[in-house]
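The first chain written gets the first letter, and so on, giving A, B, C and D; residue counts start at 1 in each chain.
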Amino acid sequence: MTKPLRPALLSGILLAVLGSLCPFLWFVLTSFKSQIQVEAIPPTWWPDGSVGFYASALIEHRLLHYIRNSVIVAGATTVIALVVATPTAYALARLRMAGKAWILGGLLCVAMFPHIVIAGPVWQILERLGGLNTHWGLVLPYVSLTLPLAVWILTTFFQELPFELEEAARIDGCTGWQALYRILLPLAAPGLFTTAILTFIYAWNEFFFALLILTDPEHQTLPVGIALFQGEFTMPWGEIAATSVIATLPLIIIVLLFQRGIISGLSAGAVKG
Amino acid sequence: MAGLALRHIEKTFGRTRVLHDVSLEAGEGEFVVLLGPSGCGKSTLLRIIAGLEPQTHGSVHIGGQCVDTLPPPDRDIAMVFQHYALYPHLTVRENLAFGLKMRQEPKPVIEQRLAETAALLEIHDLLDRKPRELSGGQQQRVAMGRAIVRKPQLFLFDEPLSNLDARLRASMRVELKKLHQRLGTTMVYVTHDQAEAMTLGHTIAVMNHGRIQQIGRPDQIYHEPGNPFVAGFIGNPPMNLFEGSYRLHQRELEFRVGDLTLKVPFQVHDPAGTDAGTATLGVRPEDVTFDPPGSRHVAVAGTIDVIENLGGDSVVYLIVEGQPLVTRTSPVLRQHAGDSVTAYMKKIHLFINENRVPLPSS
Amino acid sequence: MRENDAMTPSTRDHATGWLMIFPALTFVAVFSLYPAMDSFLLSLYSEFPGSERSFIGFGNYAELFRDPVAHQALIVTLGFVLLSTTLELLLGTGIALVIHERFKGRGWTRAAVLIPWAIPTVVAAQMWRFLLNDQYGAVNAILFGDQVDAYVPWLADPWMAFGAIVLADVWKTSSFAGLLILAGLQVIPDETYDAARIDGATAWQRFWHITFPLLKPALLTALLFRTIDAFRVFDLVFVMTQGGPGDATQVIQFYGYKTLFTEGRVGYGTTISVTVFVALAIFSLFYVRTVGSKLLQREPA
Amino acid sequence: MVLLCNVPLAHGREFGTARGSSPTLVSPPVTLHFVTWKADHPQAWDEAIRRFEQAHPRIRVNREIAPHSSTAYHDLLTQKLKNRDVSLDLFFMDVIWPAEFAAAGWAFPLDEYFPQNEREKFLPATIASGVYRHHIYGVPSRIDSGMLYYRKDLLEKYGFSPPSTWNELVRQAEAVLEGERTTHPLLRGYSGQFKQYEGLVCGMLEFVGSHNGSFLTEDGRRSNLTAPESLLAVRFVREQIIQRLATPAALTYQEPESLAVFIQGKAVFHRNWPYAWGLANDPRHSKIVGKVGVTTLPRFSGGKSMSALGGWLYGISAYSQHPDEAWAFIEFMTSPALQKYFAIHASLAPSRLALYADPEVLHANPQYKDLLPVFRTARPRPRTPVYPIVSHILQRYFSRVLAFPKTDILEEAQEADRKINRFLALVRDARE
């Protein structure tokens, strides 16, 4: 049996939940309004349930197209970042090497770069490689940008696994790589999963590089689409709201399903760092 | 042919030296215990034998062959870890088979070894469980099974019983002994628990501060401790040790510590070549009685401070001329705290310059 | 002793290790380190449309030192960092205390609190822009209801617009700060509170004398993370105000962006961004030195 | 000058050779890479390009679509040009860019392709915007310029004719607001674009210019913001327009927001570009269909009405491998036939003068007749290679004095003056 909630706690919960959700709920409500309702002054609270904005977002503003781009970019970023970050984190957490501290410190430093410091030269590299207005052209810098966090989180996860396990594996005849993929990877699966989610969310939400690298609407991701959403005759708030709701939906589902993993992953670097 | 030989092993971590010139031999089928307090270097030594850690100097021979250049899998050893190190994502069966699979043993061989091991350890019922579904004792068995199934030339145990509760530890101790008797393989066993060491080992190597203090059979270690550290580390309650000064007389040795003067009726050859100096005098609690035991004892008068009644025997804490003296007597003493008594030391150990000075036994 | 060195050294290990790290290092080198160096080099040149690139040493830095627009951008940024991180740490602590308690529905509460963090910044920015709209905004409706003529064009006033950016950031990232702080709360053993309770400490005293001091490392970590992020704020400004009105919300990163990409003052634009980076690096280095990078020395259990 | 001439020569071409050779006959098939923006009427563009490819079967046009935001499009193009991207052939230039593109050597001079007699067929302001230092770099695709929209019904109701001076506008608006207070509490006197962005420069140019002020001196070498007529115009905007007629909300408005206010019937006067006409009279969006009038922007007494010139010019990249084919494309797209097509199907105001007498064009866009005088007087924004920098300084200056009502306009103007002069001097030093 849970104890009855203390009034202070109850009001704390209410404040936190309402404060977090209400602003966005207003956007959700807006997305189900009609244009007349959106333009009403004072605003009407309750929508008439029309899905016109969704229809116009999907058809006129080619929302599915943006979603497809975002899925491709965020998905590819996540996969590549994990594949690259995992051995790195393993080596940093488990192998004795000179200069490990420097590498970890360096990664932290890189994570701190203001994006604009690297934006110009990255743009030129991609221009030379023909990567502008391509999905991979955005994925490459995204992988580089998400690596520090991914390595950092995975390193903490690997460090938490007992060393004996790996020594046992060594005595059982595993090489370093075998010990990694036969013993440690299965055990670090929750950590990998959390890292994957965080990387995905990062790539899904990133705006600055997407704005610079993807100028062609054919390849633009959702955040760029949403930020540059402008109508000729009015701010299309209804369509923006509908698009935003759809862009956010996958993230909300991820949060609801994997709340525990996300919290542990985010705090992994925090307490120990 | 020796099962294991360590020659002048030294190990430094950065600027700290954790092992000093350690040499040790274990015959084929011998059970060697490395005993010492935590931080004495015994685990490091074990890991050097396993190849998990390279030594700075010296060499390791297993089965007569120098293994210094061999990685762990090629040393034909198996190791049981303190925390068992069972692979949590594999079943017991897979855990046991993992090492054989890595060595690409043929399937029938794996099956057969599995069956043998399971029978030996009586773990049939556990084979399809995951480690987290096992009790501590069961995990321990599986961990041993994983070592046994490999049929190595040498077993290494790193405090394998330290995570079990006292009763289980005692029973596993017995099982381990039986197991050794059946397998007859050389074993090296690291522990800080003297009871384990005494019951399991053919040979005990007592270690402290990265040095081997004494190597010997359990009874040697107990009866003839080579130095004050070994003397104090073995025994329960530990040996009474007094650091004081001595003076040699014609037929006796006079030992002073504080206000207490002991006259030991032995003729002693002073290794230092002088007639006086500092020394450590030790007497085991069980070598102190309250009945005059006959000749050649040392009698002291004191008062009882505390009596611990353990049922079969009792531990009596005396104060003798301001010095504490612990005794263990049986049967139970019928006196009370504050009473004056006379106690008789039956056997005395004397250490001069940290070395044992043999006294004729009483 | 042994734990410290519980890893297996051998040259083979070393080679494997570098092989494992190599791909990550390549990525970071090509897409972060090289660009950063390139930017630094560019910052030593003067270049703008209609002029040839010419080497001027640290001339751009000298100009930055004198540039009143840069000063204002820096003040706006510092104000933003100070205000938003302070509020986020306060609110984050509150959130952490709430979601640390055990109660029915805690999972849902935690998920709800996480949602603002998961929402794309661009969406959050559009959302707040709409909420603060001078005509259709919910904020005006809540405050003034039917008194339509009292509606405030929040983003038109320099101070309010600045406040709006802070508000949007606080809404979006307090929960993240809260999570970092929660991690700190979770390592405080319950026994400590029980002991304090037996000693007669009130709830407030328990917070102030036990929770708060023990929470300091987590708070400092959250402060570091949030400061670094707040310094780089861009999306919110780009969407909500474009730096206006009257440069009241022009943060340094946005100024750098405008200078570099719109004005084409390559040298000066990179100078701004490099300066931001160097300032952040110094701050973090100082910070890590004092607070400590425990991860590196952490011993495996 | 030296630099300018070097650009085309570096590609092994001399001015005389290109002209006259018919590109469709000489070479193997060529694909032109055209970086354009997301159009309001994409179907019209698809059709126009289809027609071009039909007429020039050996030339393909490959479009790269950039955002329809002048700033974002500018940043993209300049990045590409800085990298000397040879795959880029054709682009649009906003009327404020040719100086920048020419000085940087990015735009191909079109003097030989586009002779004087041909230029005279276009609205002079649009041609002027493509010229930098005696060479022409762009061909106007259409014209945009600021104009005053008003509520015909409300002005008639109160017996006003469209205002010719700003003071008149203020008087009329206040009278209307006074009269409508009970029935239209939300009605504002004026709706314009005062957010800190490029549009603010256009809007303010119209106020300053109609008071005989200017941003730069006649010779374009110095800033002219501290001239008393400029300062007065700025003060008028702050005190009369923003604080009395428009409400400070206008400080957050770009074109869409300000137009929304107008077409929802919440403003008496509205400043916008020609495209607003169609939307204001479109019953799907507008509540004031048929109640809209349009006229030239007012002036200050003693000044002349002035509207800011906008619009897009076609340009050819100096790094293009196919300038002849690119010119063929421009020639085709700016031909009378195609401009007429765009005027009718995409409401783009033609840059060719003759089309303002074309009955079909006038039938589709009856307002053009009234607007021609506006188009004729449209004034370009300062022409300088460092225009983006100058624009940012101007945006900051105007936005500050409008958003902070207590600032000293003269001080702010002096600061902006100093900064603009510095950059103008830098460019001169680099040139001379």
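The rule we apply is simple: contacts are C-beta pairs under 8 Å (C-beta built on N, C-alpha and C of every residue); 3 or more make two chains touch, one makes a residue touch a chain.
The structure presented is a predicted model; accordingly, all values stated were derived computationally and were not measured.
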Most widely separated chain from chain C, with each centre as the mean of CA atoms: B
Pair sharing more residue contacts (C-beta pairs) when A-B is set against A-C: A-C
For chain B paired with chain C, centre-to-centre distance based on mean C-alpha positions, whole Å: 56
Whole-Å separation of chain centres (CA-atom averages), chain A against chain C: 16
Centre distance in Å when chain A and chain D are each reduced to the mean of their C-alpha atoms: 40
Interface hub residues of chain B, defined as touching at least two other chains: 47, 52, 71
Multi-partner residues of chain D (at least 2 other chains): 75, 79, 186
Where chain C touches two or more other chains at once, by residue number: 5, 8-9, 12, 135, 148, 261, 266
Touch list for chain D against partner chain A, complex: 38, 40, 64-69, 72-73, 75-76, 79-80, 83, 85, 186, 254-257, 259-260, 263-264, 275-276, 279, 285
Parts of chain A lying in touch with chain D, wherever the complex brings them together: 39, 41, 123-124, 127-128, 133, 211-212, 215-218, 228, 230-235
Chain A - residues contacting chain C, complex: 2-3, 5, 9, 12-13, 15-17, 19-21, 23-24, 26-27, 30, 38-43, 45, 84-85, 87-88, 90-92, 94-98, 100-101, 103-110, 112-122, 125, 140-141, 143-145, 147-148, 151-152, 155-156, 159-163, 167, 170, 175-177, 201, 204-205, 207-208, 211-212, 222-224, 226-227, 229, 237, 240-241, 244, 247-248, 251-252, 254-256, 259-260, 262-263, 266-273
Chain A-facing residues of chain B, complex: 47, 50, 52, 71-73, 77-79, 81-85, 87-89, 98-99, 102-103, 146, 150
Complex interface listing, chain C residues touching chain D: 48-52, 68-69, 134-135, 148-149, 153, 155-158, 241-248, 258, 261-266
